[in-house]
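Dropping the structure in here first, questions after.
Here the chain labels run A, B, C and D in written order, and each chain numbers its own residues starting at 1.
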C-alpha cells in the first residue's frame, strides 16, 4: 500500500542487471564514452530526428538547466500555477538561471490555458525593461496533478509561444506515463507539436537516477555543456546513466513500465470512485490518483500502514463539503501490485 | 594501459551487487530512507564523532556546495594555485556560491604554503569591503598533482585559518588514497587536525557516483539542505548512493581499493624512474604518477593504445631541458593490473 | 499636465543649493565623510532610535538589497500581488538575492491581507526543502496603487510575520507621502509597528538620487556593507547623497514636499470624481490618482499634451462596463501646480 | 595635502551649476529624457562614431556590467594581476556576471603582457568545459598603479584577443587622465585600437557620480538595458547624470580638469624624486604618484595632516632595502593646488 511517490520505488531487475553488465573495464569519462554515444543515437531513433542529448541526475537539474539555457537578463519563464518548477524545486529554476523569474499562469486541471498567455505577453510589451521579458513557456507532461495535455493542447500553447519568439519546454518527469496515455509517438508529443526542449525523465519510471535534457533546437544548447558543468551536474562516470537508459529503452521496457503504472492507477481510481468513503478529485490520466477522502479515515489508513500524502491546496478548496474531507495524492509505479490496491480498498471500505 | 583517469574505471563487483541487492521494494525518498540513515551512522563510526552527512553525485557538487555553505557576500575562498576547484570545475565553486571568489595561493608540490596565508589575510584587513573578505581555506587531499599533506601540514594550515575565524575545507576526491598513504585514521586526517568540512569522494575509488559532504561543525550545515536542493543536487532515490557506500565501507573495501591503486602507482613510478626515456616530475604519494617524457615517445605510446594526458603547466616549465620533453599524468585505479604496467614499460623502453 | 510619474520631477531649489554648498573641499570617500556621519545621526533623531543607515542610489537597489540581506538559500519573500518588487524591478530582487523567489499574496487595495499569510506559511511547513522557506514579508507604504496601510494594518502583518520568525521590510519609495497621510511619526509607522527594515525613499519626493536602507535589527545588516559593494552600489562620493538628505530633512522640507504632492492629488481626485467622463478607481490616499476614463477621451488628452500612463490590469478588470473605459494612473509631485490640474480638468470636461 | 584619492574631491563649480540649471521642470524618466538623448549624441561626436551609451552611477557598476554583458556560463575574463576589478570591487565583477571568473595575468608596470595571453588561451583549449572559456580581456587605462598603455600596446592586446574571438574592455575610471597623457583622440585610444567596450569614468575627474558604459559593438549591448535594470543601476532621474556630463564636456572642461590633475602629479613627482627621504617607485604617467618613503617619516606626515595611503604589495616587495621603507600612493585631482604640494614637500624634507 505504498502510494507515496513513484520515486519511492527502486529499479526493475533489467536495469540493475545493466549496471552490473557495464561495471567492468574502462571508458572515457564525462559523457564521452562509446556507451554515452550509443544512447544518444538511441534517442535520435526514438525521437525520429537529430536531438541534442545531455544526461543529468535529477529532474530538478534537468528542468532548471533547460530554463537556464533559455534564460536572459530580466528573463521570466511562464509556467502553470501549480507547476513542479514553481512549487517543489526549492528555487533551483531561479538559482540555476541566475535569477530568472517564474510567472505562474492560470488554467484548469493543472494545464496552462492558452488564452491566458496573451494578456501576460501584453504586459511585458507595455512595461518594458521594468517588467522583464519572457524567455520561455514551460509545461509539464504529465502535469503535477496527474492530468495529460492532448497533442492539440500542446500545439496551441506552442503556436502562441513561438509567435512571441519563445521556446517551449516540457517537464517530462512522467514523460512515459503521458505518452502511453495518449498513444502517440515521442515525436508527435514533442517537436511535431512545437516543443523545443524536453526534460526526459527516467527516474520516476524505474531508473535509479537517469534524466536527459533533450533539445530540438541546436542554438538553445550551445551553452549547455558549460551550464551543466558550472552547476556540478556533469558526471564523471556518465556511462552509469547511459547504462540505465540502455536497459530502459531495450525491447520497449520504458513503455511497459509506464503502462503498468498507469493501469494500476486506473485500478486504484476505480477503488476510490466506488467507495462510499472517497471520490476522485478529477480524472486520472496517468499514474497519479487524487482522492477526496474523509480525514479521519485517511488518518486511520496511514496508521494501518498505507503510505500517501495530503496535498496542499488553496484554503478555499480544502474542505468544500464541510464534512471533514481532505485531498490526498496516491501514486502508482512500475512495481505496484494489485494486491496492494486490494489491501488499500479493504482499509478504505472497512 | 589506461592511465587517463581513475574515473575511467567502472565499479568493482561488490558495489554492483549492492545496487542489485537494494533495488527492490519501496523506500522513502530524498535522503530519508532507512538505508540513508544507516550509512550516515556508518560515517559517524568511521570518523569517530557525530558528523553531518549529505550525499551528492559529483565531486564538483560536493566542493562547490561546501564552499557555498561557507560563503558570504564578498567572500573569498583561499585555495592552492593548482587546485581542482580553481582549474577544473568550470566555475561551479563561484556559481554555486553566488559569486564568491577563489584566491590562488602559492606553495610547492601542490600544497598551500602556510607562510603565504598571513600576507593574504593582511591585505583583506587593510582594504576592507573593497577587497572582500576571506570565508574559507580549502585544501585537496591527495592534491591535484598526487602529493599528500602530512597531518602536521594540515594542522598548521588549520591553526592559521582558525586564527582568522575561517573554516577549513578538504577536497577529498582522493581521500582514501591519501589516507592509506599516511596510515592514519579518518579522524586524525580531518577534524583532529582541524578540518571542518570534507568532500568525501567515493567515485574515483570505485563507486559509480557517490560523494558525501561531511561536516564537523553543525552551524556550517544549517543551510546545507536548502543549498543542495536549490542546485538540483538532492536525489530522489538517494538510497542508490547509500547502497554504494554500504558496499564501499563493508569489510574495509574502500581501503583495499585505495591500497591497490596506490601500489599500482608505485609500480608504475618504478617503471618511469628506471627508464632512460622518462623520469618522475616529483614524488608519487598516492595514485597519480607525473612523468616527464620525450614528446615523440609519448605520442608513439598513445598511438599504440596507451591512455594518459599531457598536463598543462606554466610555459616556463614546459620543456626545461630543451630536449623536446613534456609533462604527463598517469593515474592508476582500483582495477589497474600489473600486466598493464608491464605493457606500458615495454612500450616506454622499446 | 504632467502626471506621468513623480520621478519626472527634478529637485527643489533647496536641494540643488545644498549640492552646490557641499561641492568644494575634500572629504573621505565611500560613505566615511563627516557629512555622511552627520546624516546618519539625523536618521537616528528622526526615527527616535539607533538605526543602521546605508545610502544607495535607486529604490530598486534599496528594495533588492534589503531582501538580499534577509535572504537564504531556497528563500522566498512574500509580497503583494501588485508589488513594485514583483512587477517593476526587472528581476533585481531575485538577482541581487542570488535567486530568492517572490511569492505574490492576495489582498484588496494593493495591501497584503494578513489572513492570507497563514495558509502560505503552512505550505512551507508541509513541503519542507522542496517548497523553499519564507525569509521576509515585504509591504509597500504607500502601496503601488496609492493606498496607505494604517499603523494597525502594519502591526497585524508584523505580528504574524514575527510569529514565523520573519523580518518585515517596508518599501518606502513614497514613505513621506504615506507618513503625512497617516499623521504619525516615522517611528510609529515603522519599528513601533514591527517593521524591521525600510527602503527610505527620497528620490520620488524631491531628491535627484537619494535612498537609504534603514535597519532596526543590527543582525540583519551585518552583511550589508558587503552586499552593497558586491553589487556596485557603494558610491565613492557618497557625500552627494548625504548632501541631498541634509537639505531634505532641514526645517521639515521633506514633509512639506509630500504634503504638497498629496494635496495636489486630492485636488486632482476631485476633478476626476466630479467629471461625467471619469471616476476614481479607488480612494486616493497619497499622491497617486487612479482614474477610470473613456479611452477615446484619454487618448485625446494625451494628444493635447497631458502626460499619464494607462495601468495594466488583469484582463477581466480592463473594461468592466463595456463602455470603452480604461484605467489610468495620475501622479502628482512636489512641484505640481494647481494650474496644471485646472488645465487637465478643462481637457477632461471639454 | 590631501592625496588620499581623486574621489575625495567634490565637483567644480561648472558641474554644480549644471545640476542647478537642470533641476526644474519635468522630464521623462529612466534615461529617456531629451537631455539624456543629447548627451548620448555628444558621446557620438567625441568618439567619432555611433556608440551605445548607458549611464550608471559607479565605476564598479560600469566595469561589472560590461563584463556581465560579455559573460557566458563558465566564462573567464582575463585581467592584470593588480587590476581594480580583481582587487577592489568587492566581488562585483563575479557577482553581477552570475559567477564568471577573473583570471589574473602577469605584466610589468600594471599592464598586461600580450605574450602572457597565448599560454592562457592554450590551456582553455586543452581542458575544455572543465577549465571554462575565456569571454573577455579587460585592461585599465590609466592602470591601477598610474601607468598608461600606449596606443600600440592596446592594439597588440586587442589583436590577440580578437584572434580568439574575445572582446576587449577598457576600465576607463581615469580615462581622461590617460587621454591627455597620450595626446591622442578618444577614438584613437579606444575603437581604432580595437577596444570594444569602455567604462567611461567621470566621477574621479570631477563629477559627483557619472559613469557611462560605452559600446562600439551593438551585439554586446543587446542585453545591457536588462542587465542594468536587474542590478538596480537604472536611475529614474537619469538626467542628473546627463546634466553632469553636459557640463563635463562643454568647452573641453573634462580635458582641462585632467590636465590639471596630471600636471599636479608631475609637480608632486618632482618633490618625491628630489627628496633625500623618498623616491618614485615607478614613472608617473597620469595623476597617481607611487612613492617609496621611510615608514617613520610617512607616519609623521600623516600625523601632521597629510592624507595618503600605504599600498599593499607582495611581501617580497615590501621593504627591499631593509631600511624601513614602505610604498605609498599619492593621488592628485582637478582641485589640487600647488600650495598643497609645497606643504607636502616641506613636511617630507623637514
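The definition used in the following text is that a residue touches a chain if its C-beta (ideal position, glycine included) is under 8 Å from a C-beta of that chain, and two chains touch if they have at least 3 such contacts.
These numbers were taken from a predicted model, which means no experiment stands behind them.
S.K.: Identify which chain pair among C-D, A-C or A-D reproduces the interface of B-D, meaning that over half of its contact pairs, matched by residue number, are the same.
M.R.: Residue-number overlap above half with B-D among C-D, A-C or A-D: A-C.
S.K.: Based on the averaged CA atom positions, which chain is farthest from chain A?
M.R.: D
S.K.: Roughly how far is chain A from chain B, going centre to centre by Cα mean, in whole Å?
M.R.: From the centre of chain A to the centre of chain B is 34 Å.
S.K.: Quick check: how many Å separate the C-alpha centres of chain A and chain C?
M.R.: Each chain's C-alpha centroid was found; their separation is 40 Å.
S.K.: What whole-number Å value describes the gap between the mean CA coordinates of chain B and chain C?
M.R.: Chain centroid spacing, chain B to chain C, equals 50 Å.
S.K.: Out of chain C, which residues touch more than one other chain, so two or more?
M.R.: Touching at least two other chains: 30, 73-75, 89-91, 95-96, 98-99, 129-130, 132, 226, 229-230, 234.
S.K.: Mind listing the chain B positions that touch chain A in their complex?
M.R.: Contacts found on chain B: 2, 4-5, 7-13, 15-17, 19-20, 22-30, 56-61, 64-65, 89-92, 95-96, 203-204, 208-209, 226, 229-237, 239-240, 307, 335.
S.K.: Provide the residue numbers of chain B that touch chain C in the complex, in ascending order.
M.R.: Of all residues in chain B, those touching chain C are 30, 68, 72-75, 98-99, 129-130, 132-133, 223, 225-227, 229-230, 234.
S.K.: Looking at the complex, which residues from chain D come into contact with chain B?
M.R.: 73-76, 87-91, 94-96, 98-102, 119, 122-123, 126-127, 129-132, 310, 312, 314-315
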